[in-house]
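Have a look at the structure below before the remarks.
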Amino acid sequence: SKEETQKIRVAEVTRSIFYAPFYVALENGYFEEEGLEIDLKTTWGGDKTMTALLSDGADVALVGSETTIYVYAQGAKDPVINFAQLTQTDGTFLVSREKIDNFSWDDLKGSTFLGMRKGGMPQMVGEFVLRKHGIDPHNDMTLIQNIEYANVPNAFASGTGDFVQLFEPVASMFEEQGIGHIVASFGEESGHVPYTVFMAKQSYLTDNEEAMKKFTKAIYKAQKWVESHSAEEIAKVIAPYFEDTELSLIETVTANYKNQGSFATDPILDEEEWENLQNIMDQSGELPKQVDYKTLVNTKIAKEVMKK
Amino acid sequence: MQSFFKLFGRRWIVLKTERLLQLQKSYVKKLRKEKHFILLMQFVIFLSFFALWELSSTLHWIDPLLFSKPSKIISLFFEKLAEGTMLTHVGVTLLETIFGFLLGTSIGTILAAILWSSNLFAKVSDPYLVILNAMPKVALGPILIVSFGPGYVSIIAMGAIISVIITTLVVYSAFNNVDENYVKVMKTFGATKWQCFKEVILPNCFPTIISTLKVNVGLSWVGVIVGEFLVSQKGLGYLIIYGFQVFNFTLVLLSLIIIAVFATLMYKLVEVVEHKLIKNHSNS
Amino acid sequence: MQSFFKLFGRRWIVLKTERLLQLQKSYVKKLRKEKHFILLMQFVIFLSFFALWELSSTLHWIDPLLFSKPSKIISLFFEKLAEGTMLTHVGVTLLETIFGFLLGTSIGTILAAILWSSNLFAKVSDPYLVILNAMPKVALGPILIVSFGPGYVSIIAMGAIISVIITTLVVYSAFNNVDENYVKVMKTFGATKWQCFKEVILPNCFPTIISTLKVNVGLSWVGVIVGEFLVSQKGLGYLIIYGFQVFNFTLVLLSLIIIAVFATLMYKLVEVVEHKLIKNHSNS
Amino acid sequence: MSFLQCKSVSHAYVSKHDTKLVLKEINLGIDEGEFISFIGPSGCGKTTLLSIISGLLNQTDGDVILENDVISKPNDKIGYMLQQDYLFPWKTIEENILIGLKIRNKLKEKNKQYALDLLKEMNLAEVINKYPGELSGGMRQRAALVRTLATKPKLLLLDEPFSALDFQTKLKLENLVFDTLKSRNKTAILVTHDIGEAIAMSDRIYCLSANPGKISSIFDIPKELRTLSPFEARHHKKYAELFQTVWQEMDRLEN
Amino acid sequence: MSFLQCKSVSHAYVSKHDTKLVLKEINLGIDEGEFISFIGPSGCGKTTLLSIISGLLNQTDGDVILENDVISKPNDKIGYMLQQDYLFPWKTIEENILIGLKIRNKLKEKNKQYALDLLKEMNLAEVINKYPGELSGGMRQRAALVRTLATKPKLLLLDEPFSALDFQTKLKLENLVFDTLKSRNKTAILVTHDIGEAIAMSDRIYCLSANPGKISSIFDIPKELRTLSPFEARHHKKYAELFQTVWQEMDRLEN
């Protein structure tokens, strides 16, 4: 019903340019158009985001799909269901300390690699990509995986490691400052995965199906807008969400992501992506058990929204 | 020689007040000189620290990206101040800390009173108190988030929980260490247990309670910062985490400095309150 | 009535030793009964806590996903023990804590001695010490990683840094509060400042130093856990973070329980050492 | 029957590891208005006996009877003054001296006036709003006396009230206390280590021996000394004689 | 010239807000072997004077001369005993009594033996390995005396050494200290509040008046009393007379 606005509490896993379409939806008023009021909260880290969702501190979470598998594997009675995809590739980049003109993945052999913490999506994708290029992450190089997500950049900047796996905008910043050089994108290498997805408890989805449809519709609208606009235009719209980042940097980063097709163009989480995710998790030894696509993914909402 | 002394002695009597005044004057002068020297030294240290920082950052002796530099921090500070966001962050953290602090102290004191009132209860709960006390409370972060949700409540709970057990133990031991002769005096007048508590035990331990406040302020800051590291949208701990996220070390260091300033102010405030309240308490 | 007393008095003399023994016996009996009751109550509390937990988790009064349940925790414990990984984690954290603790205490004591030796230096550094003391040290975590690199050193540094200033302040104030008459006695024998320190100041403050140990153990745990939250791939703090990350709350709670056990053991150990060392110290 | 009677009072402290008989069959009777002293070696049970008489401690055996009432808990008629003043440092002198009336719910204007008059009599009127920490030892002890007397007890128990004072102050306070109590016809029991004090102030001295504490001898003070103020008594020749006798008795008890 | 001479010794404590003249022109001479007492109201500067004589405190004016040496810092020839024993609780009695020799680097077998003999003389041989906390007040004070005497000072400064003890113990210790010092021909200065003690122990009494502290009167003790032990002296008739005189002087000084 459009007369009354419904409030939806969203917990995002972090504040990142990677989630540009979401901020576009907020900033361009797509949610308001649908009669939704979004109460956005940043709950740093997948663990806290999922906890917020499970302990009813939030209605919808924006976080990696792997968490839904973890939760399901622990025997949740009311599992968390993925219903709208936001990003479809990994968002990290491979940054090297020295400038390398003709980078080949073999350069990583024998080096010290500063990776992400165990159990998270970036780490799993990182190892997956390395393996894909014939590198055994635990034997062919010195792998440092002990650092909390937010502290990885400063560990690298203060001299640890030859290579580092970094999120934006830090990767571009390092490039700018000459601390490191982006040599590859994990997003390009990983193939499509449900990297960041909107999800909610099953019970919530059932009880608020209409609202969730509206929510997905707003997201879809934003995805189309992002697809059809330049990085410069996008950066301008989302700038208010990144107070302390320079506009030019936002633009660079947006362009990077846009160019490698990180932003999903529609909210549907495909089965192929799902299996890719499980495959990646399995290779890292973090997959507690195989979970059927249908069990944790709701495509009905997205499909209906796209039909209209 | 003796005559010299006689003479001197005599002269001294005549000049007595004058001489004393002179002694006083040179003493005060020495004191003032020392004080000025100390202030100067402190100032020099302060200045050279920041100057060295600025210099080494500018000359790239240290990585300016990681260690920023004072001039940048100051300009960021004014920028944030102009925007008005800094005040909100500081306000949020301060409020959380004060709430956590007051909660922790008052709950701790009440628990101590309950323990005091029932010896049996105290004995039964002893091992649990020891465990709770030894437990590093920051490890409970995840549990708090699960229990209180990811919001202010969790942060304040962290600020409170970190000080509540230690307050209980310290205040309870103070209750028990009250010189029993004070209680004996009360008992000779036929006082009840509650009267003894109200008139003797509590006022006697007031200084201890106030002293725990000083410790608790510090603990509450730790709790709130750790809490804000885990869940927050606003506040100085949030700024640190956020600053890291966007690799803005100027912001991180600015937040650290502001935390240091406010933590110190709060500590000093409690100290002033302590001095005021305890003044009449001390027995000569 | 008087005759009764006479009689009673007489009887009493005869029965004296017997009567005393009986008094003693009934007293000891009462004590034992109370002790048993207390143990029983403690056990009942312990049991009902875990039973209630198990029950409410099984019956879904609380979300078993978030709060796990004791039976699962226990089985996970044995599983991890069989794998042998648990021992490594515990060992790592314990070592870090012990190192941090020893470092913090010894550096703090040395700093206190330096402050004591130079009054001027103490006065100059006073405001800086106040700021450093009030500063919530956990906020410095990121800075430590930048300075000491992402590894054990940072964690141990965190465990040490969190206790070093408070040790300095407490021990320095103890040094200054030594009854000056003890020093006066030394001075009448023409003792130097160093002799006074060695023979009087330090041994006099030994109990205080040992007492700060008890506080420091707790602080070091906090520092190490926070440190492990930030950088680590082993240790109990790491297990908590990891368990949280993969949403295995059973692991989180198991780690918390193990932390509680070891923190308590370490605290008790220091307490025992304290009692042993202080025994002869106390003046009657 | 006497004003106060102890009948075969015995007391044993029971602890986990042993039982110590501290008082053994103390029998004594004190008439109204008498001033009695207990002396004896340290640890012989003097404080214990006072605590029993005051009703703060329940004896193992025997009875304490005050004006036909058996004492088993603190009683309005008894005032107890401890070795140190134990004024409450966080209360003003006024609050301190009125605490007894307050606890007993007798804070009527009349009683309050009585206490304030006593304070004036002790030359403490001008410190009424000060805190104990601001007073000298002698002043504090006097305030403590006022606090004890404010509730108008008939029997005063004084446990070494002067031992923490310096010699001159002590001599002066002895006189003051003596006059105050005599003029109000209070009955008093004084515990002291100072033989001279016992002789100078009291009508009768009970010497206690230790392990277990029992009455080993009783000295009646000659009339000549009784009527004198303590300070004067100390310079009477009978004083020196009696001092020697008691000293020897004490010496015997201690070895 | 006397053994010890104070020449126009004055002292003022200077603080931030005011300067207090505590001692004003103290002139005195003490011969070797003499036993001198200082008495005076609290705060008249007795401890200050002792500190100056001991060299611990530097006077504002005047000179202290001991056997022709000007005293300006602690000196081997002087032993100082404080009001309480201040034995180090963390050291055994043996370590305590040898600390002076240790500090002065004189821990030779001969000196050590001297200290241990003294300890035996004081009846403390069997507590040599105990800690001060396990001793009674009198024993502790005796141990403190041994500690002071162990370095063989020629001049002893005693600052109210008996004030924390109970009456009997005090009388006994007075005798012991008196005998010990006399037999070794030590010179001694005793500070006390107890007029009786001053009369019983010393050869001469200096009465100090307060604000600023100066010598207000000197009492020479009659020969009859000097030769008696303190305990006996207290019962001599000249004692009572002198007591009255000094008492009145003190009373005058205090008001």
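Each chain carries a letter (A, B, C, D and E) given by its place in the written order, and its residues are counted from 1.
FYI, contacts are C-beta pairs under 8 Å (C-beta built on N, C-alpha and C of every residue); 3 or more make two chains touch, one makes a residue touch a chain.
Small disclaimer: the values here were computed from a predicted structure and weren't measured.
K.L.:
Going only through chains that touch each other, what is the minimum step count from chain A to chain B?
P.N.:
When the steps are counted carefully, the minimum from chain A to chain B is 1.
K.L.:
Show me the overlap between the contact partners of chain C and those of chain D.
P.N.:
For chain C paired with chain D, the chains in contact with each are B, E, in label order.
K.L.:
Where is the C-beta contact count highest, in terms of which two chains?
P.N.:
B-C
K.L.:
Whole-Å distance, chain A centre to chain E centre, using C-alpha means?
P.N.:
Inter-chain centre distance comes to 85 Å.
K.L.:
Using CA atom averages as chain centres, what separation in Å is found between chain D and chain E?
P.N.:
Here chain D and chain E have centroids separated by 34 Å.
K.L.:
I'd like the Å distance between the centres of chain C and chain E, where a centre is the mean of that chain's Cα atoms.
P.N.:
47
K.L.:
Using the touch definition from the top, which residues of chain E touch two or more other chains?
P.N.:
Where chain E is concerned, no single residue meets two or more other chains.
K.L.:
Could you say which residues in chain C touch two or more other chains, in rising order?
P.N.:
66, 142, 146, 229, 244, 249
K.L.:
Taking each residue of chain A in turn, which ones touch at least two of the other chains?
P.N.:
47-48, 51, 54-55, 150-151, 154, 157-158
K.L.:
Which pairs of chains touch each other in this structure?
P.N.:
Listed in label order, the chain pairs in contact are A-B, A-C, B-C, B-D, B-E, C-D, C-E, D-E.
K.L.:
Would you pull the chain A residues touching chain C in the complex into a rising list?
P.N.:
Within the complex, chain A contacts chain C at residues 45-48, 50-51, 54-55, 67, 70-71, 74-77, 117-120, 144-148, 150-151, 154-155, 157-160, 286, 288.
K.L.:
Okay, in this complex, where on chain C does chain D touch?
P.N.:
2, 5-6, 8-9, 12-13, 16, 20-21, 23-24, 27-28, 31
K.L.:
Could you pull out which chain D residues touch chain C in their complex?
P.N.:
Against chain C, the touching part of chain D is residues 7-8, 10, 12, 14-16, 18-19, 21, 25, 60-63.
K.L.:
Across the complex, what residues on chain D touch chain E?
P.N.:
For this pair, the touching residues of chain D are 42, 163, 166-168, 193-196, 235, 240, 243-244, 250, 254.
K.L.:
Which residues of chain C touch chain E once you look at their complex with the stated criterion?
P.N.:
Going by the criterion above, the answer is residues 179, 181-182, 184-191, 195, 199-200, 203-204, 206, 280-284.
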